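Below, chain A partners chain B and then partners chain C, in two separate complexes.
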Partner chain A sequence: MSADRPEARDPLAAPAALSAPVTLPEALAGAEPVESVCTPIRMAYTYTPGRALSRYLRAMADKRILGERCGATGQVFVPPRGVSPLAGAATSEVVELADTGYVESFNITRVPIERRPDLKPPYCSAWIVLDGASVGFLGLVINLAPEEVRIGMRVRAVWKPDEELETSAANILGWEPTGEPDEVITDYERIGRIEASDP
Partner chain B sequence: MIDVAVVAFTQRQEAAISGESEVEFMVPLMEQAKASVGLTQSDMGFTCSGSSDFLAGQAFSFVMTIDGTGPVPPISESHVEQDGAWALYEAWVKIQCGGIDTAFVYGYGKSSPGSLRDVLATQMDPYYVCPLWPDSYAVEALAARLMLEGGHVSERRLAEIAARSRASAASNPHAVRSEPKSVDEILAEEHVLDPLRPSDLPAEADGGCAVVLAAGDRARELCERPAWIRGMDHRGDAHTLGVRDLTSSMSARLAAQHAGVADDKVDLAELYGPFTTSEHLLIEALGLDEDGTAINPSGGALAAHTMMASGLIRIGEAASRIWRGDGDRAVAHATSGPCLQQNLVCVLEGD
Partner chain C sequence: MSSEVLQAPLVLEYPFTRSTGPVIGAFLTGLRDGVICGIRRADGTVLCPPQEYDPLTAEPLTELVEVGQAGEVVTWAWNGDPRPMQPFDRPFAWALIRLDGADTSMLHAVFAPSAAEMSTGMRVRVVWRTEREGHIADIAGFEPIPAVETA
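The block that comes next holds the complex of A and B.
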């Protein structure tokens, strides 16, 4: 194949055709250069969440939270995606989870974000591990000053009023403290990790 | 050069897979491909996939599907925002680099959530062309007009290609367009994108496929008659349509030369021609003799066009025919971009 290659040349040198100076026609001599263009792109999709997420969203309308168990490792994932990233296999069982859990980590946001005018800073986003789940999922800690949120704090879901429930994760308005003693996290190495356990 | 063969292949193509997410429908395909040669993910030296966020309508969509390979703890893995055939190319290069003798490759796409013809407009130049939202089928119709008016092809020839695809697809359970039609019936169809008729257009599908590659003795252990990759090359034409000759495919011709298509007879060819016009150009560019070579025995992309997988499916279809002994030497082709902009050619042989 080497016979087909053109002669080697300085790879950093511009091709001759591109190194010639560009001259504008007289009529454009005084024209201001265009420094930016706006070309809006919008595409519409009818998104379908798939089997696992459809089940999860339907259960949400009944104020139930569904996870799915990995048959190989016993881990329970929520929200479920129909697959276990540990085993690389389809999950084997749908598991109904409590709407209580604990704060695994959190942050406090002090600046507003454009698309959520309903969120008034400061507010607390938390990674919440539901009772019975192996991984955390995202929620807001509410009905409490953000400064009082701490790792290990026990929380329960605050649902929308029954007449407003939809097939949506937005049915959970946030998570409020239960007042129970904190989850005792003795092994901080464990936080944020997914480890295999015996099923 | 290390000898590498295709040893396993699974696919699924349907007009629309609406009830399952990508990872949900890919996991069974991925498992079946590996299980068919007695392997699991932990046996794979490398994993590479091809898919597109523009089809899924979400950023980093491929990460969700990687869950199906068991990426925790981390595996050696890569992704191309192209058809899975290019993922196979990357895996082949990886095997050539040494140290591994197996690789797992998959490609998938769901076009049904959006409008494929509009989504494909976004692959054009973002300053001059994309803002005009050129319908991708209409862009091909421009090329078709040039070919017809320039005497490079006749409408009857295009109808013959469409009729052949339909006839071959009748025995392909994965085809979504397989009702037979005669050349005259096709010529009697009304134009949808003049000069193109419905039968000239690809049959859009959702789906995916998975392939296992193995090198040398490992391939012989796993497969009775491995489909050896004897040559593979990919080339690209210019991005700007205006500087190209749309009545031929220079990049496909070059890729075929470098892959060694003409070195021996070709028993069958699986060509990724989304349109009848593209199939015509590919037969010419690859220098195939239609009397001696079975063209698209699966029906090709005219029978089922799954974006991001149709090219890898061509390689899998060609390889399975070698395993079965339907042929000894096969050519598989993949394309990407408007009007056959990029082309990959792969020559497969049985022992």
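The block that comes next holds the complex of A and C.
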């Protein structure tokens, strides 16, 4: 350390002032101050799905939903990633799932998102567990006022018109109520969780 | 089943707006008005870009001062393959530039025709954007000052 280096403050001590008054150079006297700045972060990728997700996306073009079963625990994961996250093993079997399930949890958004004019507040995002699946995944509940959505509500996929189908999860426009009796959920602490011993 | 590999564009974007505070705010106010500010430390040296606190003593800094609009390249790296949203659509240099009157350097782009035209210690001057709003991009970049002008 050089001899003329000033002695450092205790880094844990609060600074003398958090927002001291500043003095400006003559050239900025009377200038309207800038108080905020927009600093967008943007990352543009070309996304390539792996084998399991490619199977899932190709099936989507036929309005079918594919999950994959773990050979060790029997659990079915959707969308499939090719592995069982709990057993740490490759999934062993492709399983076709119904396009019906129930709302395990949900959230109502009342604030618009810039550049997503398709999402008109208020709207309901839900964690939907498909019949035959061991885990939920994210979807929009549509064709129902958000205030009417409830945990346990039975829903079915609303698909795009056949002529607009692509190899994309966007083929499912959302999930609408089936009108069936609600799924009975007794243990709210289990919502959104899965354990190795779960079926 | 098709063997064609699926792929799709995926953009992650966060349109943050952050508040600047008085020091960075003054720096950005200056850029909007075509003035570059540094900030003076207790020993008289000037940090540019300005910082809110002294990096050695952690004391708050308050005395903003105007620095020059030309300076010297302290170090640089050639960017031969600019990406979208970078300062220039042709190859350019990223450089640390110490402006006249400042004791520290700031990162910005130097518009040189080729890497062969870049050297440590070369003189450069600011190129302002015509439309300015109070953002580091109000400085389009820096351009080399021909030797005949610096001689």
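In the analysis below, the second predicted complex is superposed on the first by the 150 of 199 C-alpha atoms of A that agree within 3 Å, B and C clash if a C-alpha of one lies under 4 Å from a C-alpha of the other, contacts with A are read in each partner's own complex, and residues count from 1 in each chain.
Basically, contacts are C-beta pairs under 8 Å (C-beta built on N, C-alpha and C of every residue); 3 or more make two chains touch, one makes a residue touch a chain.
If you're wondering where the values come from, they're calculated on a predicted model, not measured in any experiment.
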Give one of first, second, both or neither to describe whether A:Pro161 is in contact with chain B, with chain C, with both, or with none. neither
Identify which of chain B and chain C touches the larger number of residues of chain A. C
Is A:Pro181 contacted by the first partner chain B, the second partner chain C, both or neither? neither
Just checking: does A:Gly88 make contact with chain B only, chain C only, both, or neither of them? Give me first, second, both or neither. first
Is A:Arg51 touching the first partner chain B, the second partner chain C, both, or neither of them? first
Could you look at A:Met43 and tell me whether it touches chain B, chain C, both or neither (first, second, both, neither)? both
Have a look at where A:Arg115 lands relative to chain B and chain C in the superposition and call it first, second, both or neither. second
Classify the contacts of A:Gly30 with the two partner chains as first (chain B alone), second (chain C alone), both, or neither. neither
Using the superposition on chain A as set up above, list the residues of chain A that contact both chain B and chain C. 37, 39, 41, 43-49, 54
Residue ranges of chain B touching chain A (in the complex, touch as defined): 18-24, 27-28, 30-31, 41, 54, 57, 64, 66-72, 113-115, 118-119, 122, 126-127, 130-131, 258
Quick check on the complex: what are the chain C residues that touch chain A? 1-2, 5-26, 28-30, 32-33, 35, 37, 42-43, 53, 56-66, 84-85, 134-135
State the interface residues of chain A toward chain C in the complex, per the touch definition above. 5-9, 11, 15-28, 31-49, 54-55, 57-58, 114-115, 167-168
Within their complex, chain A touches chain B through residues 1, 37, 39, 41, 43-54, 81-90, 194
